[in-house]
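The data blocks that follow each hold one structure.
Note that chain A is present in both complexes that follow, paired respectively with chain B and with chain C.
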Partner chain A sequence: MVSLLLIVTASLFFTGIIIRTKSILSGRKGPGIFQPMKDIWRLFRKGSVFSETSSVIFQIAPSIYFASVLMAIFLIPFGNMPGIISFKGDIIFFAYILALGKFFNIISALDTGSSFSGMGASREALYSLLVEPAFFILMGSSALLTGHTSFHEIFSSLHFGSHISYAVGTLAALVLIIIALVENSRMPVDDPKTHLELTMVHEVMILDNSGFDLGLIHYATNLKFAMYGALIANFFLTPGYELYYSIPIFIGVQILFAMVVGFVESFMARFRMNHNPQFIIMLTSISLLIFLGVLLILGKFV
Partner chain B sequence: MSVDVVVWCVLIASGLSVFIIPFLSPQLKSSAAFILVLLIAILSLVLALPALRGSPVEHVFYGSSAFGNIPVRIDALSAWFILIVNFTCVNGALYGIGYMKPYENKKGNSTLHWILFVWFQVSMLAVCVVQNSLVFLIAWELMSISSLLLVIFEHYKPETLKAGVNYLVQMHIGVVMLSIAFIWVYISQHSLDFEGIKASFNHQNSAWLFLLFFVGFAIKAGFIPFHTWLPLAHPAAPSHISGVMSGVIVKMGIYGILRMVSYLNSELILIGIFVLILSMTTAFYGILNAAVVRDFKRMLAFCTIENIGIIGMGIGMGMIGKGTGNTYLMLVGYTGALLHTLNHSLYKSLLFYTAGNIYQQTHTRNMEHLGGLIKKMPASALFFLCGALAIGGLPPFSGFISEFIIYSGLIEGLKSDNIQYSSLMMLCLSGLAIVGGVSMITFTKAFGTIFLGSARTKLNETPKEVSVVMQIPLYLILLTTVLIGIFPNLVYAPALSVATAMSGIPSFSGNILSMSPVLAIIGRVSLLMIVLSAIVYFIRTGISSAKPAVYLPTWACGYSSINTRMQYTAKSYSKSFAKLFSFIVSEKKKYIEIGNSKIFPLNIPRTFTSNYEEFFEKNFIAGINKRILAFMNYFMFIHNGRLQMYILYGFFFIVILIIATLFNLL
Partner chain C sequence: MIIAIKNNQTIPLQSIPVLGYEDFLSLNTSYLKDEAKHCLNYFGYPTEGTLKLICCVANDTDNTIMISSCVLNQEKIVYPSFSAQHLSFHIFERELHENFGVQYSDHPWLKPVRYAFNRADKNSEIANYPFYQIHSEELHEVGVGPIHAGIIEPGHFRFICNGEQILHLEIQHGYQHRGIEQLFLCRKSLLQKSVLAESIAGDSVAGHTTAFVNLWESLCNYKADDDLQFSRTMALELERIAMHTGDLSAICTDIAYQLGSSVFGRLRTPVINFFQEWCGNRLAKGLIRPGANHFHFTEGLAEQLIKVFDAFEPDYLEAWNELKELPSALARLEKTGVVTREQSASIGTVGMVAKTSGIVRDIRATHPHDLYQKLNHQPVIKRHGDVYSRTQIRNEEIVQSMRYIRGMIKKIPEAIKDRAPISSAQKNSFVISLTEGWRGEICHCAITNETGELIHYKVKDPSLHNWLSLALAVRNNEISDFPICNKSFNLSYSGTDL
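Moving on, here comes the complex of A and B:
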């Protein structure tokens, strides 16, 4: 329950911090950190425009997408407190429930019959496919290290001991940050602020969404960011800490994560489309390094 | 009822089909076949259900001196497959009633078709229960032949006939392998009983014998590189047949492999690793091809290959578990494989039947010609969507349950002390994750192209929703899939007991596989997911209904005269993916290059075609075929078409026989 509340709280200001960081770095004052939420709130109260081509899929998809992100958040623990739902093997469920949301997101893009949406859908499907092995190797390695297969048990029995474990922890945080960037369609894979439909990935998929649906999708993106932030934060929430330590750590990690995203977006250009797969496949090799590290920690190399 | 009564009843029922179906009016043939199929299903369930609960039954029939004793044993493994065969066949027959309506005027054809359908079911049941190698081979052969004749229902089309011949030849390569293996067992054990196989696995080169059996069954199951018949035969067959073929006939190969695995006691680790790696490659290769093809039935056939790979991964894991003494891994592997077999038979038949709906209404299998069908055929769209979600292993459908179990097994296998197994399991884990991702591309592409957007070409007839008779079996399967997804323990407990019985270890210490509480939670969580989506949707509708929605054309970046040809096509959707894996799925383009001098090319109608080539077909099978044909050319003089020569051959043969008898050679 704590984790849900904290993630929702973090989601309120996460994108705001990214935008603020980018503004400051480019020498502007920038909007307040709650501006994205205000935009979403405005969208919630607006009427909708639907494409004539679209069908019922287009109507239900945003709700299912949002629900899937919520379900995934239910699984995230907070330190040694389990999430709302926790069971053996929930790391697999986590990946598949997010995939369900993505499935609906993609077919809702195809529902408009626009060639641009199709382009975005194709790219989104490809990138999320390429991210998948990295996530599973990461989770498999943590399962191997701790001997557990649920987020709660993994994080509550994770502890740093040797030098290698620090290296592994850093790499894991790096992998999670890049996964979050890819899954939320940020730089350097996708530019959320681009105005050319041909080069968009995620934004072009939701080109025809409007009103409440668009608000849902935007808010789901914020939630997803905060969710990955929470996963990263969990690596640093060593069990045994009291709430008055761990909550500031959590918030601190979220803010730091948002600032990192802002930094990356300020100083990096987006990759060329055909370089994206290479970049994402690189993630898999980093997670293989984590696997090797875990094997070293466990002393399996003789 | 005792075994012999049921067996005779089933045989009589299948015999009756020959005497009843030809004399009925065209409209009633299919219904009669359905009733017979249902009857046989109920009869065989009478035996299967107790066996599934843990009391195997056995009856030994006395054949002739050639066959020896014919034991009919129904243990848990047979019962599990009997259940799957019956469910799919009953649905297939029911669906066939509606699907075959347009073909009713072809009287002789449909008579043969429906008689064979009944025989087909009976032969599959026989394969599951008969444990005498000679009779098993006969049943196996009957199954292949009857399915062949069912596949080539539209035999006047050359490509159908070609697919049929291909199927026939490949099945017989499989039969040769099986026969050699059975003869090997017979020579070493002097027994046709399957118990002999167990004995010969115990004291000789079990790996080679197993390999023979494996290849024989793998041709049926569709492991690479023995899969090439699948993508040809499935599109060629009528849809209710492809559903049954993909749903259960390839599973007979899996049954055979599982049966042999249950007899195997040595060299388990080596064979297990082999099966695991082969299966992972199969899964990946299958889905890779499925993602790029345009013909939606061919896509489903490739997707079957993928799922066979996933089932095989479970089997391989189970064998490694048994070999290393990790009982948990063994049970998880076998249970996962069995459950995936069941689940795949459900949603694959659902998808094939839905593909039948589409084909019946549009008369095309090319998804690039379709689009926007969700408005014309909403029920079919629902079936296809749910089938697509289930086959991608997404919750709340049944596919997730078996994939979850296989994932759990892989993670369990990671913890092995041996680094070799850990790395292997990690490889399979990421492989399975990629397969899941590609499967998402495949099915978003198929669903999006066929059902969403607007129609890409003008069809001759406006498609409309199919008749209710054709929808009933689909609703039934859909309901079962969702039920399994929400109450996984309904099927998990039986599957576990089958796996336990199969492992050959009589009892386990304590509750070794405590997965059913986890599965119960998953079921509830999946239900929660449905409820949550409904709540969000309800809130959304409630709030946004205050403002009237406006319907306008799709945003086309300011371009105002868009047409439906400008939609994203299936090919372009998967293009960026296919480019990444172009070393396996190579694209073949056909066009005439425009030369330097032809800046304004006139008067030549220019065409551009491109399709993806299948790796094995192109690099291995085609080459081998060419060499065999070239070699066979040397024997053309024998096959010269002159009747006199053929009679002479017969005469020579008789002379040789007489001489051989004279010298006591025979």
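Moving on, here comes the complex of A and C:
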């Protein structure tokens, strides 16, 4: 329950901090950190417009997408407190409930019949496909290290001891940050600010969505960011901390994560589209390093 | 038999040699075998029930322009095309076909240019235009526009793609045809004509208006004094700095490089604001008038401009150094959207596109007008023809233009209070005027009748030649790289649609 509340809280200001960081770094004052939420609230009060060529898929997809993200958040623990749902093997459930949401997002983009949306859908599908091995090798390594297969048990029995474990923890945080960037369509893989349909990945898929549905999709993106932030924070919330330590650590990690994203987006150009797969496959290699580190820690090398 | 004139020179219409079509064709296409020559303008106008064609070819080595003409009887004859000999004529012949229904036997593609109101075939409409198609299960089409995706103008791009790769791009214009050339004939007052010239393309106000006033003054046998020449040259160079800086910002925006986008965007503002200080309009409208200068460039303005430049230069150079050393930016810019030298020469590109593919084609050096005659301009030439070359040339031209302006304001000409009023235009004359705008060579031609009234006015924006180079540059590139290619060319829609 604590984790759900905290993730929802973080989702309220996460995108705002990214935008504020970018504004300040480009010499502008920038909007308030709650502006993205105000925009979403504005969208929630609007009706949706549906194209005549689209079917029911297009209408239900945003809700399914939002529900899938919410469901995934229910699984996230907070320190040694389990999430709302916790069971053995929930790391696999986590990955595939998110994939289900994405699947509906993709087929709803195809449903519009727009050539832009189709292009975006194909790109998004490719990148999600390439991210998956990295996530599973990372979570699999954690499972191997701790001997458990649920988020709660993994994080509550994870503790840093040797030098290698610190290295593994850092790499895991890095992998999660990049996965979050890819999954949320941020730089350097996608440019959320662009107005050019031809270069978009995620944005072009939701071009036809409007009003409440668009608000849901935007808010789901905020939640997803906070969710990945929570996963990263969990790596640093060693069990035993009291709430008055762990909550500030959690919020601190979220803010730092948002600022890192803003910083990256300010000082580099996005990749050329055909460099993205290489970049994402690199994640798998880093995950393999983590796996190697875990094998070293466990002394399983012969 | 051949008449060679200088830039901004008025000649009697009778002195232009009239050739038979065969000779006309072989003469003009043989000129273009030499790369130092290119076609400036090739157009027709109806006269006494016939169609008269005039072709102007520039010789860059001896600063001359060769003019020749041909009379077509309006019979249904199918002519061999110039384009089959040299592709750079393709756009002019498409225009002749569209406006006057001239038939060609071997033109590669008589696609309509701009759907002029007075076109020959009124049934040919933009709404029923059959786009080029390739039928295949593997390929898909993507249409972009004609509703703009930002603040740019309406144009339609039809891509045929194999996955992410562009096989073919077709560019469609004519969505905002205003009939500018015809309006030049209808508007009788000189002020109306000047305002019209300013409205050809909002981003090249100084370029098009300078071409118009030089043409008009030559037609009226009026010699522009130092003060007039100074303000025109100054406006052209300031416009170049402002537009190039804005383009650098837009290029950074397209590759999502926020720092460059915001710094260059901010730097453009003081330069165009200086126009506001000078003439009361940020786009320099009202500044350039035939035979008149309402806004003398004073010592006070010079001091102000020095201040603007002193603030501009360090920030600009710092931002440029960041951009040119940023690996992620270079990865996007280098080897993207390449126009080879061969392509560039064959389609007769001008301006930045020609200069970035290694062709020296700069009116300021080859056909100088105004103060460029004393400036000894050295064109900036790049060889790779990619997006990065077109980014680099902007940087180098900005630095060069600032140097020119800093030199120019050391010697500001005296204000002239009472200029002689401009007389009326010479009768039965032909005049051609060339100006190097920031985009490239702007060419205006005019023909007057026996009372000194305009009977034909021809405007050519550099974009007219260069759109095809964009279509060629994006082939085999990724479709997601199209916006950055398009921005690096930054061609004019309104200059083409007229």
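A few comments on the model shown:
In this section, the second predicted complex is superposed on the first by the 302 of 302 C-alpha atoms of A that agree within 3 Å, B and C clash if a C-alpha of one lies under 4 Å from a C-alpha of the other, contacts with A are read in each partner's own complex, and residues count from 1 in each chain.
Just so we're on the same page, contacts are C-beta pairs under 8 Å (C-beta built on N, C-alpha and C of every residue); 3 or more make two chains touch, one makes a residue touch a chain.
What you see is a predicted model, and the numbers here were worked out from it, not measured in a lab.
When both complexes are overlaid on chain A, the residue A:85 reaches chain B alone and has no touch with chain C. In the superposition on chain A, contact of A:28 is made with chain C only, not with chain B. Using the contact criterion defined above for the overlaid structures, shared-chain residue A:119 touches chain B and also reaches chain C. Touch criterion not met for A:183: it reaches neither chain B nor chain C. Contacts of A:153 after superposition on the shared chain: neither chain B nor chain C is touched.
Contacts of A:71 after superposition: chain B is touched, whereas chain C is not reached. Of the two partner chains placed around the shared chain by superposition, neither chain B nor chain C is touched by A:203. Touch counts on chain A: comparing chain C and chain B, the chain ahead is B.
In the overlay built on the shared chain, the residue A:265 is in contact with chain C alone; chain B does not reach it.
Looking at chain A, you'll find residues 115-116, 118-119, 122, 197, 273 touch chain B in one structure and chain C in the other. Taken in their complex, chain A has these residues touching chain B: 44, 46-57, 60, 62-64, 66-68, 70-71, 85, 87-89, 92-93, 95-97, 99-100, 102-103, 106-107, 110-119, 121-123, 125-126, 128-130, 132-133, 135-137, 140-141, 143-144, 147, 149, 197, 207-208, 211-213, 216, 273, 277, 284, 291, 295, 300-301.
For chain A in complex with chain C, the touching residues are 22, 25-28, 115-116, 118-119, 122, 187-188, 191, 193-199, 265-275.
Per the touch definition, chain C reaches chain A in the complex via residues 140-144, 149-150, 163-164, 252, 254-259, 261-263, 266, 326, 328-329, 331-332, 336, 478-483. Listed in rising order, the residues of chain B touching chain A in the complex are 371-372, 374-375, 378, 385, 389, 392-395, 400, 403-404, 407-408, 410-411, 414-415, 417, 419, 422, 425-426, 429-434, 436-438, 440-441, 443-444, 447-449, 452-454, 518, 521-522, 525, 528-529, 532-533, 535-537, 540, 543-544, 547-557, 564, 566-568, 572-577, 580.
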